[in-house]
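Have a look at these structures, which come just after this line.
You will see two complexes here that share chain A, one where it goes with chain B and one where it goes with chain C.
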Partner chain A sequence: MSTTDSGLSTRALIQPRRRRQKEEMPKREPGFHLRITLPLIVFLIITLVPFYWMILFAFRPEGSTSLIPIPFTLDNFVYVWEVLGYDVFFKNSVIVAVLSMICTTVISVMGGYALARYAFRGRGGVMVMLLCTQFIPGAMMLIPLYSIFNTLGLVNNLWSLIIANVVFELPLTVILMSSFISKIPFELEEAAMVDGCSRLRGFLLIVLPQMRPALVAVGSFTFIGAWNTFLFALMFLSKQELFTVPVGLGYTIGENSVQYGAMAAGGLVAAVPVVIVFAFIQKYLVQGLSGAIKG
Partner chain B sequence: MSAFTTLTRAKARRRRGSAPWMLLLPIIVLVAIFMFYPVASVLVTSFFHQNISTPWANGFAGLENYRVMFFEDPNFWPSLAFTARWVVVQVVLQLVVGLVLALIVNERFRGRGLARALVFSPWAISGVLTTSIWLLMYSPTSGIIRLLEPLGIDGSGFAPLIGPESAFWAASIAELWRGIPFFAILLLAELQSVPKELYEAASVDGAGRIRRFWHVTLPHLRNVIVLSTLLRGVWEFNNVDLLYTLTNGGPGTSTTTLPLYVAQQATIAGDFGYGSALTTVTFIILLFFSILYLQLNRVSRGKD
Partner chain C sequence: MKLQRKSLRTVAVAATASMAFILTGCLGASSSTDGDDITLEYWDHSGNADEQEMIRQILTDFEDSHPGISVDFLSLPADSALQKLNTAISSGSTPDVSSISGSMLSPFVAQDALEPLDERLADSELAAGLDEGSIEAVKADAGGSLFSLPFTIGSAALWYRSDWFEDAGLNGIQTWDDFYSAADHFTDSEDGTYGFTLRGGSGGVFPLLQYMYAYSGVDELFTDDGVSTIDDQANIDAVERYIALYKTATPEADLNNGFAQMVEQFDSGQVAMLQHNLGSLANHEAALPDKFEAAMFPPSVDGPNVVLSDPIQQYVMYSSTDHPDEAWELIEYLMSAGVNSTVNELKGQLPVNLDARDEPWVGSLQALSAARDLLASPDTVVFAPPLYLPEYSDVIRNDMEPMLQQLLSGEISANDFLGHLADALTVAQSAYDERAGGN
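And now, the complex of A and B:
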């Protein structure tokens, strides 16, 4: 392009025009609105109306039939937080999700590095083992895992849930990490080692900073997955002071199915952290998820 | 300095034998203890009577659990049939609608980033939360049907979770709502990698939009479709959170999948022996169909 050589001033002149051109770029062919805009609006409505319905019930006084949350109330939140014990559930869920995220990320960086950087006998076998685990059904592991955690004395201990989360997330995240690390040129690390860095220092100084997208992707997938775990939590944690938000919500659904306000407020408590994490990562999501799938 | 360098490099080389295994140790230990050992123990337990509520009857059972499952249990075959229906309906509809959604948000328009974020957002929502959202939508007294009342539709008899057939579709819609973004996300990533030249070449050859889709887009998406449908099929087969909380397999046992039945055996009945036999059979079925699916696909690809 000729503009690359030109000075700053000309580039400043060129850029506004360029931007305008870019905005005009999508040429509206005949039928664009019928083909794209209309279906997109339908999709948006189908996606967002259920969310809105929950928000409406959460902020509307019990018994109101208004379609906007006016009159507005926080009673439902006070009720689930203080009476139903969502303050404790929320704290437990944060502990479980954060610890699951940290453990999974650290272990999968280690394993991913080994698979990406070393040629060793048994590497193929490890990959096959990791892929095989994808067919092991979580619901089917309830019984044996319960027995193991019972033996280890971890039933009614948040660590049982954390371990189960880590084990079920690990295989995919290791493969994702390994494929990401193998795309970072090894020469960078080698140069650092020639300069006298240890392998660990070379990794920490050279490779790790470049892995930010993968760390964000793996960390947030694991956080969302761990935050949402239901069946394991239901099975391993039977004391109310150890319930996580999904288990609490499950009981709210089961016991108070006519108390729509409490159900909606509890649902919002469950939704807010994942929605925040999702908003934060959704840019990386398309690349990250497909990387995880394709290995 | 140089002597130091050669020393560390030699050291690095010498450690190369065990270093990868040290790094992989946590994974191998965790997977062995919490995945492979449980699979083995399920297999063994399935040959025993082991029930929390009747501990005095525990002991070796031989094939008794399997005999009961195949010939006496009135729930086994219906739940197997329901599982097949559930998985097929979910995977097919999620794939088709997800593909349409991916094609739409792959177009260029203003606000595309925000539109993507919004339509993909149910992906992050858990099964239990989906249940609570859709229970509010399906409420007979204050559900979404109320929005249609101004149009003259009478919503007074609206109770989709009461009848077996309507409960199936009510659960299906809720699961589709959060399942479609999964396919849309994966397919969108692949759509972005279709070389522009292919479309241009096809256009020059006079191919219209539909023919370009059939002959350029779809073949390009083929691998990711095979892989994502397999993974999603396994996932829909296994995941019980939504059905457990939304219908709990009901009304009656009409929406009970095999894994849900296992989960109920484990959490409510406490019958670990019988639950293990169910688990073993379910696992074998899953493995069989996964291999069959991949094999069929390889055969059909060979013909191309």
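And now, the complex of A and C:
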């Protein structure tokens, strides 16, 4: 074997290029498509058809019976935004959803850490009580909550919605956070404290970064729950300029008629933020919900 | 480390202060400053987006003509208005005045939520200018006392394609036989067109009852003994003839029809006739300009015109109001001829104020002038559904609506259907009489 000036062997130079081998598809057992693929396709169609219906009605003119949105129009969106007042409803929904998300996430992290790391008397009872609150439907609490907010001067104030959303989301999110934090080895925090960190600093530097999936899961579900809140928004607010998108959607249903185009356009406006949130956080969702940690 | 701890503390204090600042009212609605001015709250239950601008203008005009009184307006979505008002009553946060639908009156009266209006109306100039039949109907719904003022009347109508009738050489719907022969004539199931459309889904029982009494001529809901007339043989015959139209002169899908589907079927040219109240006039005008007309129900087979009236929309004053005199001024203003005319012109329904009924726009609308003439006729018998019975709405919605679909499917007979309803209403009426007698 001779070598070239660059030191490469001739054999290396003349080695034929290996063809990349096609990855072979795994062989499916007979009936796989019938058992799995076909039902999935049916489920997909059932899930997507209502969404397509909404898009169809939102973008086609009133009275059109076409199965595709042609002629294409934005009149319904203009109507809901300018006539029904969706610009105000949307702004209120964003405020309520974002603040609910921030408050719930912060408090649930603190509460979850306490439940996961501290062994205090009544800890088990607290967990059970948190779970028991899930049995109470929100509608049952309407009157007492209204009285409380009335006393606090929070009726006709978006904070009544935010507080109500936080209160109802906290039990489950605290338990979720507690479960997630308990899977993070305490030794990591101990190591940080040995290096001179306080408990809080250790939590912020060591534990919190590893909780990203849980934070995203809790934050997203809280955002979506607060975004879709209808009953509290209707009952605690008596000023039209404070209503949120779900309440605003109700204005498309009149006493004697339903404005399907406006309703579909309003529904799309309500759905788009939720879809965007899910699109960005979907990879964190499974991790967060299963309590898995990286590495 | 000390610096970082201090900055963390500073952040925490600043965050707490910010929350307190925001909590105290940054995200609240601006409150009105009173001084000597009075602020009334008016809630509209219908949630019609197209009417909101009109109502705001009316209230602005009221404020201009009543210095010292301002009105905060809230339009409630139609399908959640009852829930909102009930919660407001339970929590003591009702408005001063609101509009309500007919089915809300009785439960609100039962909760002592409304201010009686008998004396106020008796002393008012309005008294002689309002439709007496409507006033008596709402008094009957409230157990004999006046707790509301009706402001609009919807009437059941048979909407029909006047262009199709003209092409076929038919002269409208003068008798019930005309109706049935037209339903048969215009049905071509291969072509996908039908003579009529039935409301088999939500809200379908009441229109059936309206047709039934109009056809049979039975002119009272209960006999003097408190027995329901619903299962009278004449009514059974009427219903049997009506349901025979299903699938022979109507689409099969009518089994699940709500009002929106029915109106859509008529407006899209799928059916020749539709039974619905005047509330859908605007829809038909938009979809079928100059191609439709409304016929009031023909005279019954016995002769007289019998009208089971639609639930009536009304204005009420809540007993929790701090300003009853001013709230009454608002109601009087809303019931005045000019305002009542404006409201009903937009709704496409008949005003309760008699002077408003003489406005040119009423006569120019064929459907409304037909309704006005029918109600004004001395041969017309009008009675209201028994909304004063607490069980009525539950029985209709929870029992009879599923049974209506069974009736249309042929699983039960008209005798069974009407018998069940008659028994339920007879029992309810008996309990009501007992309570009234005990009080």
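As a convention for this text, the second predicted complex is superposed on the first by the 250 of 295 C-alpha atoms of A that agree within 3 Å, B and C clash if a C-alpha of one lies under 4 Å from a C-alpha of the other, contacts with A are read in each partner's own complex, and residues count from 1 in each chain.
Here, a contact is a pair of C-beta atoms (placed from the backbone, for glycine too) under 8 Å apart; a residue touches a chain by one contact, two chains touch by 3 or more.
Worth saying up front: this structure is predicted, and the values here are computed from it rather than measured.
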item: Which of chain B and chain C A:Lys239 touches, first, second, both or neither; value: second
item: Which superposed partner A:Ile70 touches (first chain B, second chain C, both, neither); value: neither
item: Touched partner set for A:Met54, first chain B, second chain C, both or neither; value: first
item: Partner chain(s) touched by A:Ile143 [first = chain B, second = chain C, both, neither]; value: both
item: Between chain B and chain C, more extensive residue contact with chain A; value: B
item: Touching partner for A:Ile253 - first (chain B), second (chain C), both, neither; value: both
item: First, second, both or neither for A:Ala270, with chain B first and chain C second; value: first
item: Shared contact residues on chain A - chain B and chain C; value: 65, 142-143, 146-147, 196, 198, 234-235, 249-250, 252-254, 257, 260
item: Chain A residues touching chain C - in the complex, by the definition given at the top; value: 63, 65, 83-84, 95, 142-143, 146-147, 150, 154-159, 162, 196, 198, 200-201, 234-235, 238-242, 247, 249-260, 262
item: Residue numbers on chain A that touch chain B, as the complex places them; value: 23, 25-26, 36-37, 39-40, 43-44, 46-51, 53-54, 57, 65, 67, 107-108, 110-111, 113-115, 117-118, 120, 122-123, 126, 129-130, 133-148, 163-164, 166-167, 170-171, 174, 193-194, 196, 198-199, 224, 227-228, 230-231, 234-235, 246, 249-250, 252-254, 257, 260, 263-264, 266-267, 270-271, 274-275, 277-279, 282-283, 285-287, 289-290, 293-294
item: Chain A-touching residues of chain B, taken from the complex the two chains share; value: 1, 4-5, 8-9, 12, 16-17, 19-21, 23-24, 26-28, 30-31, 33-35, 37-39, 41-42, 45, 100-101, 104-105, 107-110, 113, 115-129, 131-137, 139, 142, 144, 146-147, 177, 185-186, 188-190, 192, 224, 227-228, 231, 234, 237-241, 244-245, 259-260, 262-263, 266-267, 272, 275-276, 279, 282-283, 286-287, 290
item: Chain C residues within the chain A interface of the complex; value: 1, 4-5, 8, 22-23, 25, 27-29, 41, 43, 46-50, 72-75, 77-80, 83-84, 87-88, 90-91, 93, 95, 101, 259-260, 263, 267-268, 277, 279-280, 282-283, 286-287
